[in-house]
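Input: structures, listed below.
Shared between the two complexes below is chain A, which has chain B as its partner in the first and chain C in the second.
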Partner chain A sequence: MSTTVSFRQEIANLLHAVEGNPVNACMQCGTCSGTCPVGDFMDVRPQRLIRMIDAGLKDKVMATRAFWYCASCYQCTVRCPRGIDIAELMYGLKRYTIWRNQYPEDLIGPAFSETFVKNIVRTGRSYEPVLATSYFFTLGLKEMLAEAQNATMLMLKGRLPVLPARIKRLENFKRMIKRIIPIGD
Partner chain B sequence: MSEQKQLLIIDDDPDFAEGIKSILVKANYKVDMAHNPKEGWAALEKKKYDLLLLDVMMGRGAEGIMIARKLGKDAKLREMPVLIITSIREQMAFLFPGAAVHPNFVDVDELVEKPVEPKLLLDKVSTLLKLSETKKKK
Partner chain C sequence: MTKKTFAYFPGCSLEKMAESYHLSTVEVARVLGMELKELEDWNCCGATAYFHVDELLAHTLCARNLAMAEKEGLDLVAPCSGCYKNMHACNKHLQHDRDLSDHINFALEEDNLRYDGKVNVHHLIQVFAEDLKEVKSKATNPLAGLKVAPYYGCQILRPRKYEGENVDEPRYFEDLMAAIGATPVDFLFRLRCCGAALIITNRQAALSMVRNLLQNAIDSGADVIATACPLCQVNLECYQEMVNTEFGTKFSVPVFYFTQLMGLSMGIPPKQLGIGTEFLSPPPAMLAACRKVAVV
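Coming up: the complex of A and B.
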């Protein structure tokens, strides 16, 4: 058995249950980068990111924030001619950095995910007013006002719940969650 | 205790697994490593191990737990002691407000939190091995 595990292998281990080809099947056609709707906001586009993983540039990959911008639209996965599940790779990288506590401080993504999971675990439904506050205070004053105005308009039209929704049999749901996620009491 | 004991580590963090392995090898155990749950399960089915050291957060999520549950259902592998080594509290800190780690979540013999002291690890490993041996003799 080989003793050292390459970064590429680590990523492959992370995605061991994913259907689709391994990352090194990539032929650098750039379809993923071209099709990505948030590609313009990424510092490194998916195609380049894949090449970086393939080349084993672990530090550089960990330093990028491209995968946190992924909107999970799965366009890249659908269009990849080599059948690589790129969206799942982005999720894998998110997990990888979260589990190691190695993501950049000023990101909204991790806090947002955290609030979302907490929300679901506690009430069974997502509640937008709480979810939004996870990043609300990172905005500038102008954006804050715009956001607040937007939210009020939505609320007045009945598009945004004022009170958190309740689900039936919350206790059963919580018991189910406890079977899936190892939550401490 | 003449023959060497066979241990298996399933952990997706290669550096950590390597560290644990070197500690155990020095203490005269034979150690194999697997870096994902699939590989680990295949190794378990192929060879007989005396003890399993298991990580929790791998692959899609808490897959170590899935392995532990699967072991409990397997008549042949049920006897094997399992030592869980995890840093789950750190990894998903927001879900663990200070309480003990999953009390009735899964049946395991022993749980150690990362980072683990070499001495503590060796203690736990040897006690588990001894326990399973006395169980076998009965």
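Coming up: the complex of A and C.
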């Protein structure tokens, strides 16, 4: 027997550790959109995005960049009068598009996140120079120069690590991760 | 009085990029008579990136650190707002969600660890601002005449809205700055986002957010912005020149960690506080305090 899970339900299922209300609690007041510091840069503001999910407009949601522009400041979450954890919803949507490998190609966020995750699986700690490779070549020439200038300045000030840090019980750590998801080989 | 001891979780940024935050934290803790015992073999908290990929895995990373603190029988303190938020939120989930905690404990077995939800997670500023009388009594080199914009940012405060704490009108940062003799200015944008990782993933948006913050800090009459987060520090300071290029502005606003200001007020030599590794030099009132320490 097969059952079809609605898009709205799929998104709700992604938020298993979140205690907020589901998106259909939304009354479209627009507090989230008004309070969002990145709203001006989003193709669809949070209020509208929530309505799109609620209406099951999967293709349109998947083509949206807005949730990849969420900076996780949680203003929407603490202000929502209906108790929806909107910032966590944005995280859920990011995961949804990463798992399906379906997001607008010009986004830097997905590649950056995946590089970060792989890096931590290898060493247990973050290493900035490796992260830079995920976005440096997406920059225009002018930005590239500015970025290189910044990196040089950081280096001169002794603020860039030469070698990656590594935790001691790395083998245990890797096996721990494998008990959750099979990555790291 | 018994010495307060915490499990100290520096986080990846403090190893190098924000080493000055780490150095000044250790110095100030020493003066305040607190013991910060660095968590042995801590791992990355997952930042925001892990939550973009897998929530359960992200919580597992945090849980390993919590379990190690529990083993020591200590509460955990984190100076980075991102690390703090992740571990604080993970802690709440693990304390209230038995399924989640069972699943994660199954993974922790691989490192011979187990977490039973007994640890409290604090941000460093909460710990340092707890006893203002003590801070004041140690501030023998008060930062007189220094106008500070106390920048809370996001994750020290949000999303903790159900814990009976006033996350909309906090005062402890202002009070702490006043306790070290500085003048906290009325900084309207103190709870606004610095753009966080958008500085990489959506630079245009982040630079605009940084510009707004810098402008507001200047309009508030601040000489310096004090921060409690390495990412806020980097965005506001290291990307300031890019903001100027992008918007034709002429910002030159120094950005220091609150612990560096505390340390200076306590007469700790600037070098030991990592002062000198910043892009933008300290303002005159801070330099005067630096010179006094050097003379002593």
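The rule is simple: the second predicted complex is superposed on the first by the 176 of 185 C-alpha atoms of A that agree within 3 Å, B and C clash if a C-alpha of one lies under 4 Å from a C-alpha of the other, contacts with A are read in each partner's own complex, and residues count from 1 in each chain.
Assume a contact is a pair of C-beta atoms (placed from the backbone, for glycine too) under 8 Å apart; a residue touches a chain by one contact, two chains touch by 3 or more.
Being a predicted model, the structure only gives us computed values, none of them experimental.
Annotation for chain A, partner touching more residues between chain B and chain C: C. By the touch criterion defined above, A:Leu160 lies against chain C but remains apart from chain B after alignment on the C-alpha atoms of chain A. Look at A:Glu10: by the touch rule set out above, it reaches chain B but stays clear of chain C.
With both structures placed on the common chain, the touch criterion links A:Asn101 to chain B but leaves chain C unconnected. Applying the stated contact rule after C-alpha superposition, one finds that A:Ile181 touches each of chain B and chain C. In the superposition on chain A, A:Glu114 makes contact with both chain B and chain C. Looking at the shared chain after the overlay, A:Glu143 reaches chain C, while chain B stays out of its contact range. When the two complexes are overlaid on their common chain A, residue A:Asn172 makes contact with chain C while staying clear of chain B. Once the two complexes are overlaid on the shared chain, A:Ala55 sits clear of chain B and of chain C alike. Taken together, the two structures place residues 14, 16-17, 95, 98, 114, 117, 178-181 of chain A in contact with chain B in one case and with chain C in the other. By the touch rule above, chain C contacts chain A in their complex via residues 12-13, 15-19, 41-44, 46-57, 59-61, 64, 93, 96-97, 100, 103-104, 106-112, 154-155, 158-159, 161, 167-168, 192-193, 195-198, 200-206, 208-209, 238-239, 241-242, 245, 277-279.
Within the complex formed with chain A, the residues of chain B that make contact are 12, 14, 18, 32-33, 35-39, 56-63, 65, 88-92, 94-103, 105-106.
Touching chain B in their complex are the following residues of chain A: 1, 3-5, 9-10, 12-17, 95, 98-99, 101, 114, 117-118, 121, 178-185.
Chain A makes touch with chain C in their complex at residues 14, 16-17, 19, 37-38, 40-41, 68-69, 71-75, 77-78, 85, 87, 91, 94-95, 98, 107-110, 112-114, 116-117, 120, 124-128, 131, 135, 143, 146, 149-150, 153-154, 157-161, 165, 167-169, 172-173, 175-181.
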